[in-house]
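Input: structures, listed below.
Next, two complexes with subunit A in common: one pairs it with subunit B, the other with subunit C.
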Partner chain A sequence: MTLSVQDLRVYYRTLRGEVKALDGVSFELADGEILGLAGESGCGKTTLGKSLIRMDGRMKHVGGRVELDGEELPIGDTVKMNPFRFTEVSIIPQYSMSAMNPTRKIGRMVRELLDSRGVTVDTEELHRRLDLVELDRDVLKRYPMELSGGMKQRMVMVISTLLNPSLLIADEITSALDVSTQKAVVTTLKGFRDLGFVKSMIFITHDISLTNQLADTIMVMYAGKLAEKAPSDAVVNRPRHPYTQLLISSLPEVGVRYADKKLTGIPGNPPSLLDPPVGCRFQDRCPLAFDKCREEPPVVEVEKDHYVACWKA
Partner chain B sequence: MRQYFGRKLFIYGLTFFVAVTVNWLIPRFMPGDPVASMVARASISQPEAVAAMQAYYTDLFGLDQSLISQYFNFWAALVTGDFGISIWAYPKPVADVILGAVPYTLGLMIPAILLSWLVGNWAGALAARRKLLDNTVLPVGYILTATPYMWIAILLCWGFGVVLGVLPVAGGYSFALQPSWSWEFIGSLAQHWVLPFASLFLVALGGWAIGMRNMIIYELEADYSNYLAALGAPHRLIRRYAFRNAVLPQITGLALQLGVLVAGALVTEIVFSYPGIGSLILKAIQNKDFFLIQGTFLFIVLGVLIANFIIDVVYVVVDPRTRAGMAGAST
Partner chain C sequence: MLKLQGVSKVFKVGTFGGRTATAVDEVSFEIGRGEVVSLIGESGSGKSTIGKMVLRLIPATAGSITFDGADITKLNRREYYRKVQGVFQDPFSSYNPIFKADRIFSMIKEVYFPGESAQAWREKVAAALQDVRLDPAAVLNKFPHQLSGGQLQRLLIARALLLDIGFLVADEITSMLDASTRIDVLNLLADLKQRGLGVLFITHDLALGNYISERTVVLYQGRIVEYGPTEKVFEAPEHAYTRKLLASVPQLHRKWEGV
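On to the complex of A and B.
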């Protein structure tokens, strides 16, 4: 068992009160597993990713435990968390384009970063990994602005995984890329896992079809809670939660002419997390909602490895 | 690289030409006749003598020629380093008068500007995101930077000169001494330097500290800082990077300051009767001394251009993005 998250609650402190962005999420991630984390904006997926490595100043760890390789991660304590960062948990951020210091040559920045963590640079290994992502070794002698967007992205991928972390969080890293580059990034990430650079991975995205190509398991979140978690093909082909079903059905399909068939979205908006509704958080938008939905549905394993939080599942 | 500096030099050359022309124009279109005032100073009552003197001076300063030829003569003289003869300090050449004042201004301004920049940046960087320090540095900085130079100068004069009586409040050196290379003179020079320096230093300090504090906070919020923090880099490294990036706009600010350096702090020099360029400008204007006004302004223009050129070079060294701009310019 690589990662085990139990009943994790992380709230944002705002002037109007606490925003319950992550409200009791539990899941497990096995060695070598890639978990795709999907959902709308504001469903808590990025909050979950950030919680596992570095919370920002507004985030508050309210409850729950996170264990990585049998050791508890002190996620609420930013100082105690520091030894785990980069070596055990690492992140490829949303903002790869601006993640590197603009006034340092990349090679020097990497060296200074590793030095500050008390690790000496294994130049050969670094070169090997640059070759792997098809980056010229000369990029180390260049400044970030001399690289194209795709090159920066690959460079950040190499830096983030340089210390072979146990868990890698990839946060919306394909959102700004064109389709063919997205495919390349997904292939590279798979390669990183297969070569053992990272033990397991959480791939955060709002793009379910892309997740399907990469992830072994897909977890769908809604309004700070887990909606459904199952092996990729089960989520895509046999979704049980009404939210997942609507999410999948709103995706365009190859070969279908949408002149005849109108693409449907999900009507309505996610609830405010300042004061979320009692019971199932999807009840207001759910076509199947009934009286029982006023009570919160528990997460149930409906078949092997297929977890759903819905009374109708 | 060559093209970049070539282009820069061309722009500086053009600026110089325009500045010199404007500089030549302004005193000539000022109301009042400098020759008449010089003659009046001699207080001669005989009309023939007055006429003779007027003719002599007009000829001497070349004011009887047409404006166009005055203009060309001006350029010709300039190329040979001849700024003309001062009317106020007649018959001393303008160049000598200016060179006499320059050491005082530079000796006052360079330490004041550079030290306030260094100390201000250091204090601001230290205070950013550190509650206790921030709560002290920020208000002190705001008070200092909002204080008018002359007001703090007068306050210092009163405090140290009048109440405590420990420091002299006027002149560049004791009026009892003649400039020489003796320890006594140098000591007197230093004593007279302290208060004007302090007034300039303190006011500038606040501005730099506030600017740096804000820039550092901005840089600590930048993506590269967040990325480093997520990878567990220590605060020291993140702050070092932030400082390096935050200092760039401060360097631009310093360049602007260095530009006005030769102009001196006019008001400060007047408050302390400090014999620098600032006092000189005042006297030149009061006496309608065309040549001295031209000379000092020309000196200021040169100073601004040279300072800016130096900063251009420094920027190329510290900010790799400017180097990219140079490459872009060549395509």
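On to the complex of A and C.
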């Protein structure tokens, strides 16, 4: 078991009160597993990724316990997290196009970064990995601005995984890319896992079709809570939570004729996380909602490895 | 209704404009009444540049764009925008955050309908909101930050409808929206199409183009590589680039080969 997350809660402080971005999420991640984290804007998927590496100062850690390889991660303490960041837990951020220091040549930046962790650069290994993502070795002598978006993305992927972290978090890294580049990035990530550069991975995206190409397991979140978690194939083909079902049926596909068929969206908007409703958070938009939904639905294993938080599932 | 013939756009680049970059290269296609044509391409393919030229935000370098037979550059601007309007990618930056969102309607009234009585105008706005399936009480008199991206995007479409437009340029209008609301905006376009609106639907998302359009134009580096009925382009693509593009689309029920 690489990662074990128990009842993780993360609240943000704002002027209007506390935003309960993540409100009691538990899950486990096995060795070599790629978990796809899917959901709409504001469901807490980015917060979940960032909290595991503690990247955001506004985050007020409230509760929960996170274990990585049997050791507790001090995600509540910015300073204590330092020895884990980059070496044990690493992230490819959403903004990786601008994640590199623009005033340093890339080679020097990598060297400085590794120095700060007390590690010397293994140039041979670095070159090997550049070859793997099909980047010219000369990029190390260039400035980030000399690289195209796709090249910067690949460079950041190499840097983030250079110390073979146990857990890699990839946050919406494909959303600014063209479809053909997306495919290359996903192939590379899978390669990193297969070659053992990273033990396990959390791949965050709003695009379920894309997650399905990469992830072993998909976890769907809604308004700061887990809605459904199951092997990718089960989430896509046999979803049990009404939210997942509606979400998947609202996705248009290539290769289907829509001449007189119409897809439908989900009416309404997600609830405010300043003051979320009591009970199931999807109840106001759910066609199946009934009285019981005013109580919080527990996460239940309905089939092997298929977890759903819904009274009707 | 809208016809592009050999339209090109060449930008001057470099310090003194010494070099040139061809963004759009001799593009010709046509969009009829009640028809949605999707313009598909990756970043830098020139798809947004075409939209901007149709909206007269930038001039074409060569070729002609005609609307109902008249060269659009010769038409009176105000009259042209009464018939042709655009909606863009980012609904949040389309509004001035310090004013209420419904100011976009009063600005239309000031310019195009100064003589209309307040009562008649209110009814007209209510009808336009009805058309985009928004509840007036939920969206009027609100600031942009109080509304969702989907609501803001639909308000912009309602604004365009107030002008009895015949043609809409929709440039990536759903790419900032969530999956659950995206499809509603697309269905709205499909309804408007039934009423005779012509739409140039610019997108990088092939699945959306496949869902909404009758015909599809595939652009690559400013040139049209494939153009035809949507089923044909998607089911029997002839150009290698289209085939490559289709093979890279992540599909829900099918996994990529060799990944």
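Note that the second predicted complex is superposed on the first by the 311 of 313 C-alpha atoms of A that agree within 3 Å, B and C clash if a C-alpha of one lies under 4 Å from a C-alpha of the other, contacts with A are read in each partner's own complex, and residues count from 1 in each chain.
Going forward, a residue touches a chain if its C-beta (ideal position, glycine included) is under 8 Å from a C-beta of that chain, and two chains touch if they have at least 3 such contacts.
Note that the coordinates shown come from a computational prediction; the quantities given were computed from them, not determined experimentally.
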| item | value |
| --- | --- |
| Which superposed partner A:L113 touches (first subunit B, second subunit C, both, neither) | first |
| Which superposed partner A:S180 touches (first subunit B, second subunit C, both, neither) | second |
| Contacts of A:F290 with subunit B and subunit C, given as first, second, both or neither | neither |
| Touching partner for A:V236 - first (subunit B), second (subunit C), both, neither | second |
| Partner chain in contact with A:Y95 - subunit B first, subunit C second, else both or neither | first |
| Contact footprint of subunit C on subunit A as seen in their complex | 40-41, 178-180, 182-183, 186-187, 190, 206-210, 212-214, 236-237, 246-248, 250-258, 262-266, 269 |
| For the subunit C and subunit A complex, residues of the former touching the latter | 42-43, 148, 178-184, 186-187, 190, 204, 206-208, 210-212, 231, 234-235, 244-246, 248-256, 258-259 |
| Subunit A-facing residues of subunit B, complex | 222-224, 226-234, 236-237, 241, 244-245, 248, 318-321, 324 |
| Complex contacts: residues of subunit A adjacent to subunit B | 53-54, 56, 82-87, 90-91, 93, 95, 98-105, 112-113, 116-117, 143, 145-146, 156, 159-160 |
